[in-house]
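In the two complexes that follow, chain A is the common piece, with chain B as its partner first and chain C second.
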Partner chain A sequence: MRRYDAIVIGLGLAGLTAALRLAEGGARVLVLAKGVGATHLSSSTIDVLGYAPAAVERPREALPGFIAEHPDHPYARVGVDAIAEAIEWFKGRVDYSGSLEANLLLATAVGALRPSAVVPRSMAHGDLRGGGKLAAVGFATLKDFYPALFADSLRRAGVEARAITLELPPERRADANALAFARALDGAAYRDRLVEALAGQLGDAERVAFPAVLGYNAAPEVLEALEARLGRPVFEVPTLPPSVPGIRLHRTLLTALRRAGAAVRLNNVVVGAEGGERVESLRVRVGLREERVAASWVVLATGGFASGGLELDSRWQARETALGLPVSGAPAPGEPRFEPDYFAHHPFNAAGIAVDGELRPLDGSGRRVYENVLVAGATLAGSEPWKEKSGDGISLATGYAAAGLVLGAPAVAEARS
Partner chain B sequence: MDHDDVLGPLLMRESLDHCVKCTICETYCPVSNVTPLFPGPKYVGPQAERFRTADEPSPDASLDYCSSCGICTQVCPHGVHIAEINTQARAKLRQRTGFPLRDRIIARPTLAGRLGTPVAPLANWALANRPLRLLAEKLLGLHHRAPMPKFAGSTFQRWARKHASPAAARRVAFFHGCGANYYEPSLAKMTVALLEHNGVGVEIPKQGCCGLPLQSNGLFDDARKYVHKLAEALVPYARAGMDIVGTSTSCTLMLKREALEILGMEDDELLRTVSPRVYDISEYLLAMHDRGELDTDFRPVPETVTYHAPCQQQGHGIGKPALELMALVPELEVVESVASCCGVAGTYGLKREKYQIAMDVGVSLFEQVADTRSDEVVCDSETCRWQIEHATGVKSVHPVEILHRASGLG
Partner chain C sequence: MTMRTDVLVIGGGATGVGVAWDAALRGYEVTLVERGDLAEGTSGRFHGLLHSGGRYVVKDPLAAEECVVENALLRELIPDCIEDTGGLFVATPDDDPAYGDKFLEGCQKAGLPAEEITVEEALRREPRLNPGIQRAFAVPDASIDAWKTAWSFARGAQEHGARILTRHRVVDLHVSDGAVTGARLRDEQAGTEFDIEAGFILNASGAWAAQILHMAGIEDVGVVPGKGIMIAMNHRLVDTVINRLELPGDGDILVPIRTVSVIGTTDIRSPDPDELPVTQEEVDQMLDDGERLVPGFREARALRVWAGVRPLFQDAKAGEVTDTRDVSRTHAVVDHAARDGIRGLLTMSGGKLTTLRLMAQDLVDAMVAQRGDERPCRTREVKPPGNEDGSFYAIGSRLRKREQRLLDEQLICECELIGRSTLEETMRRRHTTNLDDIRRSLRLGMGPCQGGFCMYRATGILHDVEELDGPEAAGSLVNFLEERWKGVWPILYGDQLRQARLDDWIFQGLLDVEHLPT
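Now for the complex of A and B:
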C-alpha cells in the first residue's frame, strides 16, 4: 500500500488550492476525485464577501465585524490574515487583478451588478463602480448571452450601455456554446472577421463587453489583439456553463499542480476510512474494485450538496459521503428547512461539517472526530455563500489554510527539512 | 460486489439520473470538439437515453460518431456512466442499421493475425500498397491512409512455447493480447525479460482476443463469447492465486471493468474470478516498486520523450504509473502529453468516414511531439502508438520498452 504525506479528496477550487500549496511545499500529494470539479462551472472570480447583508465595498474592513457576527462561519475558523494571505498566494499563480481592499462591481450576463474582490485580468475592465459608457457585443447563435438584455439592465442601473448582436457562427460546431466561440477566437482568422464585423459600430463606447469567450488556449493573446484593434479596453462577462474562464482557471491550477509533482486520479470515489483517532487509510472505489490508500493527512474538499460531498436522503438524513463525518446544522425532521423567498435565510443552507480552529471535523458534542483530517471548501458548515457572495473566498482561504496546517505539522515539517 | 454506489454496474443506466447537465463532458469530448457530426456525450448520452425505451428505435444516428474513448465518464463529477451508456446504445442502433463487413473484419484481430502471419511479407506489402489500399477503401470503407501495423511473421505464442521462466517465489500470468502476439512480439518478450529480471516468474497462457473491438463495433454477442473464452483460458491462473498482468491497456481494462459493465457479464463466474486479478503492467510494476521489489538501478536513457497516457489507460483510474516509473530513469526527460486522446480509439480512426476526425482529434498531441523534438513517444496502447507514428513520423514505444532498456536488458 502506498503512503502519501497528504491525500486531497476533490478537484474543485478548495482541493486544487490545498493540493497545489502542499505539493509546492514539498509534500507527496495524491488527489482523488470522482471527476473534474466545479471550477469548470464557476464564473472564475474570487468573491470573498459581497453582502453582509448590505453590499460590501471594502471586504478587508468588513471581515472582522462579519466574523464577530458569524462565529461559526468558515472565515471565523481561518481568520482575516489567512484570507488575505491566500489571495496573495493565488494572485502569484494566476493572471488576476483586484484585492481584498475594495470590491469591484462587475456585471453578470443578465446585466445585474455584483461585487467581487479578485477577478481574471480579462474582466478587470468590467468594473462599473464609476459608471461608464460601453458597447455590449453578443453573437446571435450564442444562447447564453443576450446583449440587448444585458445593456437594458445596465441602463436601468445608470450605466450607459448599447447592444450589438453579430452573426458569425463558428464553423464546424454542432452546438455553438461558449467553448466553441472561445476555440474559434484562438484563431486569427475568426478574430479578423469579428473585428471587421464591428467596424464603425462601436461609436463613442469607452469599453467593449463580450461574453467570456475570448480565447481558450490563447486567451491573453486574444484580449491583447482585440484591445489593440478595437482601440479601447475590452472585458469579458461570465456566462452559463461551460464557463470558459472557469475552465481556464482549472487548467492553470491543474498544470501547476502536475508540475509541482502531485498525482491526480479521476473516477476514484472515497467511500470510507480505516483507523481510530487517526485515519490510517482510505477505502477508495476505483472502477469495480475497492482499494486502500494510506496517507499521513487527509484534506476533504468534496463540495456540498450540489457537488455530492454531502447528501440528503428521502428521510431528510444528511450524510457526508466520503468519510461519513457527522453533518452539523441540518434541521431535524419536522423543523423548517427552506423559506419561500429565495433570498431569505434558509435553515438548510448552513448545514455542513463543523470544524475547529484547525479545520478538524467535530462531532455533535464538539469533539474532534479525526486528528489528521482537515475539511475545506463548500463541505464546511456555517456559511450561506449565495447570499454572502463568499463561496470562492471560502474555498480558497480554507484550502490554503488546510495545506498550511499540514505543512506546519511537526512530522511533515521534519520530513521536508 | 456491492451496489451502493453510482459507479456500480447495476446502476449504470440509472446513473443518468445523476446528470445535472453541467457540460463538463462536452468540454472534454475530443470528437465533438472537431466535428459537428457528433453533437457531444451529453446530448447522445444522458439526454437521449431517456428517449430510448426497450421497444423503440434509438432516436439518433449521430451516436455512431462516438469513438468510445471514455473521457466523458472519466471527467463526470457525478459518476454518470456516459461512455458506457453510449456504447450500449450504439450497439442497439447497429442492430437496427446493420453491421458492415468492414466492421466485422476489423473487430476480429485474431482472424487478421492468423491469416496474415504465415504470409507476413506479402501481407505487409499489400498493406503498404497504395492502389490496393485505395481498392480496400472503395470495397470495404477502410481508409487508405489509416495506420496499419506490420505482421511480425512469427507470433509471441510460438516463442513462448519454447520459453521456460526460471523458478521464482512470485509468479504472474502474462496477458499479452493480440497486438503483441501478431505485431509486436518484441514488446511481449521485453515484458517477460523485465519481470524475470525483477524476480517474477512469468506464465504465458494460450489466449485469444478480449472482445474489445467487437464491443466497440456493437457486436456484443460475439464480444461476450470472446471474453468468456479468454476468461476460461486465464481462470486456472487466477484460481492458483496468480495476478494477471497485461501490456495492452485497453484489453486489461476490458477484463477489469468494461466487459462486466458494458457487456453486462456480471453473472459470468469465470470472468468474475479473473477480473479482480488483472493489472496493467505499469500499475503492477509501480506496486512492486512501492514494496521495494523493483530493481531501480537503472542506466541512463539520455532522451527526451513525450508520454501520452491513452484514454483507455486513464479509464483504469490509476493515475499515470508509467510517469512515476520513468521518473526513476536517469537522464530521461519526460514531457507529459497535454492531449487527452490521439484520435484513433482502436478501430475508429481506420474507417473511411472517421479517419480525418481521428487525425483532427490528435492534432494537439502531434504538435506537442513536434514542438518538444521528442526522440520517442511513450504510450501504453498499441493502436495509439501506430496512430502517433503515422501522424508524427516519430517512433512510439510502450513504457516497458524504456524500462527494459534502462534495466540494461536490451
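Now for the complex of A and C:
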C-alpha cells in the first residue's frame, strides 16, 4: 500500500481548499471523492456571515460576537483570524475580490439582496449597496432566470432596474440550460449577436446584469468583451443549478491542485476505516471492488446531509457515511427534528460532527474519536449555513485550518523538510 | 351586492362537484361555493383508490355493492381521470388465509368479479410484493386522480350554466320562517362579504357539515370526522393496487397513482377537521405496514405525508362512536325539514369518492322530490368534458406527448414532465396567484424534488402571466414553500432529506427568498 501524508475525502470547496493547501505545503496528498462536490450547485460566492440573524454589514466586526453567541459553531473552532487568513490565501489563487471588512449586497435571481463577502470578478459589479440603475438581460430559452421578476423585486428594494428578454437561442431547441449559454458565449460569433440584439436597448442603465452564464472556458475574455462593447460594467447573477461560476471555481482549484502534485480519484467512496485511536487505513469502494488505502492523516470533507456525507435513516438514526463518526446534535427518535414553519430554526439544522479546537471529531462525551482525523466543511455540526449565509466561509476557513494543522504536525513537518 | 341562485351547493369536494354536475344537467341554475380550491379538503387528501368494493365485501356489504356499480360507471364516464391498474387482495404472512373464503363469498354476493390467482402469478405481476404472501385475488380496483375528477365535473357543470366560486367561504346561513333562504359568503381573495339568495341549499361539505349546519341553528348532527394519514412514495413500488386480505385496518392499501405510490391509511377520531397533525408514530406505523406489503419499503423515498378527514356520519341517537372504522362507508341524505323543521336544506353525509355520482344523484333526487319537480337524473348517461375519447389515463402519456415536442418547448417541471405552454394555459385558466392551485391542477412540484427546481421557474412565469408585481410573486413563492413544508417535514429521511437540504440551499441560500420584499 502506498502511503500518503494526507488523504482528503471530498472534492467540494472544503476538500479542494484543504488538499490544495496541503499539496502546496509539500505534503503527499490523495483526494478520494465520490463526485465533484457541491460547488457545481453553489452561487460560487464566498458568503462568510450574512445574517446573525439581522443582516450583517461588517463580518469582521460581527464575528467575535457571533462566535460568543454560538460556541459550537465551526467559526468558534477556527477563530476570526483563520477566516481572514483563509480568505487572503483564497484570493491569491482565484480571481475574486472583497474582504471580511464589509459585505457586498448581491441581487439573487428572485431579486433579493444577499450579503456576500468575497465574490468572483464577474459578480463584483453587482454590489447594490448604493443602489444603481440596471438593465437586467435574460433569454427566452433559459428557464432558470426571469429578468422581469428580478427587476420588479429589485425596484421594491430601491434599485432602478429594467428587464430585457432576448430570444437568441444558443442551440436549435427551446430549452437550453446555463451551460449551453456559457459555451455559446465563449465564441465571438454568439457574443456579436448578443451585443447586436442589445443595441439601443440599454438606455441610461449604468450596469448590465446577466444570468451567470458569461463563459465556460473563456469567462474573463467574455466579461471583458461585453463590458467593452456595451460600454458599461457587466455582472452575473447566480441562478439555479447547474452553476456555471461554481463549475469555473471548481475547475480552477482542481487544476491548481493537480499542478501542485496531488492525486485525485473520483468515484472512490470511502465506506469505513480500520484502526484504533488512529485511522490506519481507509476502506474505499471503487466500482464493485473494495480497496484499502493507508494514510497518516485524514481530512474528512464529505459534506452534510445535502451531499451525502451525513444521512438519516427511516428509523431516525443519523450517521456519518465515510468513517461512521458519531453525529452530534441530531434529535433522538421521537424528539422534534423540525418545526412546522418552513423558515424556522429547526432543531435538526445544526446536526453534524462535533470537533475540538484542532478539528478532531468528538464523541458524545467529548472525547476524541481519532487522533489523526480532521473534519472540515458542511459535515461539521453547529451551523445553519443556508440561513446564516456562511456555508462557503465555513468550508474555506475549516478546510484551510485543517490543512494548517496537518502541515504543522511534527511527522509531516519533518518529512517536508 | 346580492347574488341569486336556484340551487346553492356548499362544498367543492368530489360530492359537491358531483352534485353541481347532476343538478346542472337536470336544468337547475346552480352555484357551488368552496372555501378553498376544488378537492382541497378530503377529496384531494385520499389515497387515490377507485374501490372495486373488495374492501367492504365482508364487513359492509351495502357499501361494497355500491362500489361495484359505481366503479363500472365511472370507468365509462371519466376514463381520462382513471388509470386501470387493477387490484390485488393479498394475504400477508400475518393474515389468516381462511379470510379469503369469506372474501370470495362476499364478492359473489356483491356481484364483484374477483378471481383467485396463484401466489406465483401474483408475484409475477408484482415482483416487489412480499414473497411470503399466502393467497391472492384479482379485482377491478383502479387509481383515480381526485383533482382531475373534480375539475372534470366542475367544468361540465359550468358548461351547463353553473357558477363555480372557489375561495368563497360560507360565513352564515339565512333562515326565515323555517326555511333557508340563502347564505352570506366571504370572498377570501378580495376579503369582501356578500349575500346570496338561494331557492334550495345542498350541503355537501363533508367533514365540515356540522359547521355549516350550526349556522342554521342545527346542532346535533352526528358527523364523526375520522382522520387518516397517507404517505406518497417516490416510485410506483407496484403497478397494481395492493390491498391486504383482511378486515379493513390501518396501512393496508398501496395505490400506484401517476408517478408515485400512496400508502394508507389510519383512522383516528378527530374532533376538528382542520386540525390534523401527523405524528411520528403514525409515520412509523405506515412505513412498517409498507414493509409488510413490499419488503424494502423503508429504503424507498417518502415524498410527502398528509392527513385527510373522512366525513363519516352516525345518527346522534346511536350513541358515542369510539372506533370510526365501524361506521358504515355508505352515505345518507339528511332531510332537515323532517329532522329539524328547516325546509330547503339537505345534507349529504358519509360516503366516499368512488360513489360520488350516486351520492350526487341521491341528494338531488331528494331535492327534486321535495320540490315536486319532474327532472330525472342524467349522470349515468352523460360524460363530463375531457373524457370524450374514452381511453383511460396511462402512465406514459405525458412522456409520449413530451417526446413529440422535445425540441420545441421548455420543460418546466422535470419530475412531472410539465411543459411551459401547458403551465401557462393552466395559469390563465385558473387565474390564480396561488401556486398550490397550479400544483393540484397539473401535479407541478409533486415529484421527487418537491418543487425545488420548478417553483422558481413557475414564479417567474406566474409573474409574467398574471402581471404580478415583485412582492406578489414573492408572496406566491413563499406561500408555496410554507405549504409544501407542512407535508414534508414529518417524513424527511434518507434521500428525501438530502433533496430537501438541496432545496434549502436553493431557496434560502442561493435565492434568499426569506429576505425578499413581500
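In the analysis below, the second predicted complex is superposed on the first by the 413 of 417 C-alpha atoms of A that agree within 3 Å, B and C clash if a C-alpha of one lies under 4 Å from a C-alpha of the other, contacts with A are read in each partner's own complex, and residues count from 1 in each chain.
In the analysis below, a contact is a pair of C-beta atoms (placed from the backbone, for glycine too) under 8 Å apart; a residue touches a chain by one contact, two chains touch by 3 or more.
Computed from a predicted structure; not experimentally measured.
Student: With both complexes superposed on chain A, which partner does A:Tyr342 reach: first (chain B), second (chain C), both or neither?
Tutor: After superposition on chain A, A:Tyr342 lies in contact with chain C alone.
Student: For the three-chain arrangement built by superposition, which of chain B and chain C touches the greater number of chain A residues?
Tutor: C
Student: Return first, second, both or neither, reflecting whether A:Val36 touches chain B, chain C, both chains, or no partner chain.
Tutor: The first partner, chain B, only.
Student: When the two structures are overlaid on chain A, which partner does A:Lys133 contact: first (chain B), second (chain C), both, or neither?
Tutor: The answer is neither, since A:Lys133 touches no partner chain.
Student: Let me test your reading of the model: by the given contact rule, A:Arg285 touches which partner, first (chain B), second (chain C), both or neither?
Tutor: A:Arg285 sits against chain B, while chain C stays out of touch.
Student: After superposition on the shared chain, which partner residues are touched by A:Phe305: those of chain B (first), chain C (second), both, or neither?
Tutor: In the superposition, A:Phe305 contacts chain C only.
Student: So, A:Arg367: does it touch chain B (first), chain C (second), both, or neither?
Tutor: After superposition on chain A, A:Arg367 lies in contact with neither partner.
Student: After the superposition on A, what does A:Pro241 contact: first (chain B), second (chain C), both or neither?
Tutor: In the superposed model, A:Pro241 contacts both chain B and chain C.
Student: For A:Arg58, is the partner it touches chain B (first), chain C (second), both, or none of the two (neither)?
Tutor: neither
Student: Per the definitions at the top, what is the overlap between the chain A residues touching chain B and those touching chain C?
Tutor: 38, 41, 172-175, 241, 307-308
Student: Which positions of chain B touch chain A when the two form their complex?
Tutor: 1, 5, 7-9, 22-24, 26-28, 32-40, 43, 73-79, 256-257, 260-261, 275-276, 290, 314-320, 324, 336
Student: Across the complex, what residues on chain A touch chain C?
Tutor: Residues 38, 41-43, 51, 55, 108-114, 141, 143-146, 148-149, 151-157, 172-175, 238-241, 304-308, 311-316, 333-334, 337-343, 346, 385-387, 389, 391.
Student: Okay, in this complex, where on chain A does chain B touch?
Tutor: Chain A residues touching chain B: 1-2, 30, 33-38, 40-41, 172-175, 177, 179, 183, 241-242, 247, 258, 263-269, 271, 285-289, 307-308.
Student: Considering only the defined contacts, which chain C positions touch chain A in the complex?
Tutor: Going by the criterion above, the answer is residues 280, 287, 298-299, 302, 406-412, 420, 453, 456-457, 459-461, 463-464, 469-471, 473-474, 477, 481-482, 484-486, 489-490, 492-494, 497-498, 501-502, 504-506, 508-517.
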